[in-house]
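Each of the next two complexes has chain A plus one more chain, namely chain B in the first and chain C in the second.
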Partner chain A sequence: MRLKLEFDNIVDRPCCLVTVNQQQLYQGEVRPELILFSKDLTGSVELKITHYDKKPEDTVVVDGKIVQDRSFTLEKIIVDNYSFDELIWESEFCADNGEIYPSCLFFGPNGDFVIDFQLPVLPWILETRHQKNNNDPTWEQDYNYYEQACQLLSQISNK
Partner chain B sequence: MSVTVTDIKQINQLAWTLSMASAQDRLDVPGEYIWAFPKDDSFDSVRSRSRSIFSSGNSIKDPDVIDFVQNCDVAKHLLNPWIVNQFEAAFPAWIAAGTRYRLDNFDLFKYVGFSAGTQESFINHYLTNKDRRFRVFRGDYWWHMDIWSKTNLSWAYIEDDDLDENDTCIVSYPFALTGDKHPQLDWLIDQCEHKGIPVMLDFIYLPNSNNAVDIDLSADCIQQITFSFSKTFPVQCAKIAVRMCKQKPDDPMQMSNDENICNRLSAGLALDIIKNFPVDYNVIKYNTRQEYWCKQLGLEATKVVHFGLGDDYTSYGRDNNTAWCSPFNEQQNRYNLGMLFENEKLLTDIGMCNFDNDMVISKQTS
Partner chain C sequence: MSKPLDLAQQLSWAIATRETDSFFDARACARLILQGSRAVQDPVAVEFIQSIVDDIDLHQVINQKQHLSDFLSSITEWLQQHTTNSIVGIDQFQPDFSAGTTQSFDSFYWRHRDRRMRCFVGEYFYHIKTWISTATNWSFITDQDPLQPGDALVISVPFCDTGNQPNNLNTVLEQCEQLSIPVLIDSCYYTISSGIDLDLTSPAIDTVAFGLSKAFPVAHLRIGIRYTRDSVFDGQKLHNTINYNNIFGAYVGKKLITRFKSDYIHSVYNEKQKQVCNHLGLEPSASVLFAVGDSKWNQYNRQHLLNSYQLAFDPELFVNRISLTGVYDNWDIFKTVTA
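For the complex of A and B:
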């Protein structure tokens, strides 16, 4: 699996730990873009992005206002070249203090962003979208046509 | 009586495969329009293109014609002031030589004009008749209705209202939707003749047709006839067409002809083509392929060689936006088989076609 994560609004060099099914793929400073690989993954996947090592002094308050706060925002999840787009919101952020924030892409406190999906990712995206919007009843047969077209054309060499 | 059942599954698989092959630049003959190229081979891009694979009315992109055109020296025609006239002089004889249709009194149309695609003829017809109400049968070329709507011209489907003396009619023959004579064409000509309503007959698919057209053109109401090259030869974007009239028209297109400022590159190319390819070139070359694919896919072969008729494979799971390009494009049951003909090698290589070329050879020689 090829996993691309895009982050934005990175303030004060925060750190993250990225795991899939408890397998660590990255640990270190948050960068605008992380491209990570995981071998032999199939079926259900739990992607966890942990914000860690934030200390109380990393939130600077002046006159009751926060003037600096170590944090970042998750912008995009792209698995095997398919962006989750709006499905990125099918996630939750579990802060270390026990608070759970559904559909939260902002990493303020320390805690875990968690999203579950399936591999291969394309049918999961299509099915999940259809379940949410009820607007793509032929997704499964179209996916099969797509897969079959890929296989048919893979029989012959590129031009 | 056999009932033809459209093989939606196989048609879909072909559409997806050709769309994917287009995205990966693997077609034997690539598309000729930007919209025919998926932007990449992702699911959404391939799916989008798969739904229009069979939709256009355009010509078969015949590899031999493409090779011929690529080797034409068209630039020389720019230096020939007589080239458009030469094409206009040669064209009627080329059409008249066709044996797969009958155009009685074709020679009454003495005024032959090069047209920058039939669209130029149509626009001039709209302009000249702007105070009339335009009429077409449902299923005819959507461009008419779209343009009339966008330019606030008065129009109505023939099926929706009685014919009026202030109307003017345009009809494709063979009819665009079915590849055959419109069942009400004779009635329409009678009515128009009786009421003095001018008719433009659009012989858009005539060269690719086989025993679809049989008409006496002497009726006074039939004032103009048009012919398109883009449905016969892969020269769509050279914009080559011909308008023929019984009376000399007095409109911008005729002025361009009289001024000798028509597109010489296109007219010269058209002349080169008709000198080298007979009018029924596609019917001869592809009618066995049409039979093959229609049998394979459960389509009804039309009298126009690059069309088959069947259920709409794009409508499954959708209840709106099934018309392509225009809400007036109601031709989803008409399959353009061109991409199947053109990509025979690719489809054979991947096991989706087992057309026997010997069938064509034995048919042509027998």
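For the complex of A and C:
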């Protein structure tokens, strides 16, 4: 699996730990773009992005207003070249203090952003989107044609 | 063996997937592969077109007006040399260069703007889009609303909806003659067709337009020809007279008609058309780039095209005209799928 994460609004050099099914793919400073790879992954996947190492002094308050706060925002998840787009919101952020924030892409407090998906990712995207919006009744048939087409083209190019 | 529609889907998807890596782009593309009317990317023609460009000094070519007159003086004979189609009476007309056939349509609409524009259901959507968008008086010809004095008729031969010879063409032309209705004949599919009889002897015929965009992959060069009577001197004729025209298009056009016969595409793809139609259960059209599908092919109707033209007609008004161009361009896929 090729995993691309895009982050934005990165303030004060925050750190993150990225794991898939408990397998660590990255640990370190948050960068605008992380491209990570995981081998031999199939079926259900839990992607976890942990914001860690933020201390109380990383939130600077002046006259009752926060003037600087170590934080970042997750913008995009792209798996095997398919962006989750709006499905990125099918996630939750579990802060270390026990608070759970559904559909939260903002990493303010320390805690875990968690999203579950399936590999291969394309049918998961299509099916999930159809389940949510009921607007793509032919997704499975189209996906099968696409799979057939890829196999056929591979067969032709191997001749 | 796969059912014809399943086979069509397999073909469309494979062709679309070859053109793009993304499922979503491939899906959008697959829905359109068997539609439209673009020219086949015939490898011999493509190589020849490339060689034309490779060999030229562009500045010199586009400043040599002679290329326009060379094209105009050659194309009539070229069209007449088609081995399975016939044209009678074209000598009664004068040729002008045309930006595809489209410029000829616009000239006709403008010259006859005081008339009500008429066409049969299934005619090229460009006409209808233009008439609607310019608030031109127009309507389809129906039993309830037949041709009348004061009308102007646009008709394609071969007919746009099917690629075949239109029904009752002679009767329609006789009627136009009796009612003094000027007629534009759009023959843009002439060079990709077979068995078409184009009798231009009716005095009702005002304009005849041909183009090279369907026979050769040069649609973006807008190479066409318009025939009108001696009496016509409009803006298009003016540009022709003062050589204010697409010299590069004329240059490429002249090269093409010198290198290839006017029935080249039909003769090369005729056998392939039969094979595809046999496998897909389609009726071959007289125009080699098309086939006609029955109601089982409704998913390949004109809905997408109507949407792109922003026209709100029921797609069931039109024949399920299937474009075979994508299949010809990906013949290895067709052979693999049908093996």
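Operating definition for what follows: the second predicted complex is superposed on the first by the 157 of 159 C-alpha atoms of A that agree within 3 Å, B and C clash if a C-alpha of one lies under 4 Å from a C-alpha of the other, contacts with A are read in each partner's own complex, and residues count from 1 in each chain.
The criterion applied here is as follows: a contact is a pair of C-beta atoms (placed from the backbone, for glycine too) under 8 Å apart; a residue touches a chain by one contact, two chains touch by 3 or more.
This one's a predicted model, so the numbers in the text were calculated from it and none came from an experiment.
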Note = So, after the overlay on chain A, do chain B and chain C clash or fit? They clash
Inquiry  = Per the contact definition in the header, classify A:55: touching chain B only (first), chain C only (second), both, or neither.
reply    = neither
Query = According to the contact criterion defined above, which of chain B and chain C contacts more residues of chain A?
reply = B
Inquiry  = In the overlaid three-chain picture, which partner chain does A:65 touch, first (chain B) or second (chain C), both, or neither?
reply    = neither
Task = Check whether A:39 is in contact with chain B, with chain C, with both or with neither, and answer first, second, both or neither.
result = neither
Key: First (chain B), second (chain C), both or neither touched by A:152   = both
Query = Which parts of chain A are touched by chain B and by chain C alike?
reply = 81-82, 122, 142-143, 145-146, 148-150, 152-153, 155-156
Ask   = Given the complex with chain A, which residues does chain C contribute to the contact?
value = 9-10, 12-14, 16-18, 21-23, 26-27, 30, 332-333, 336-337
Message = Quick check: in the complex, which residue numbers of chain B touch chain A?
response = 12-13, 15-17, 19-21, 24-26, 42-43, 46-47, 50, 316-318, 346, 349-352
Task = Under the touch definition given earlier, write down the residues of chain A that touch chain C in their complex.
result = 81-82, 122, 142-143, 145-146, 148-150, 152-153, 155-156
Query = Hey, which residues of chain A end up touching chain B in the complex?
reply = 81-82, 122, 126, 136-138, 141-143, 145-146, 148-150, 152-153, 155-156, 158-159
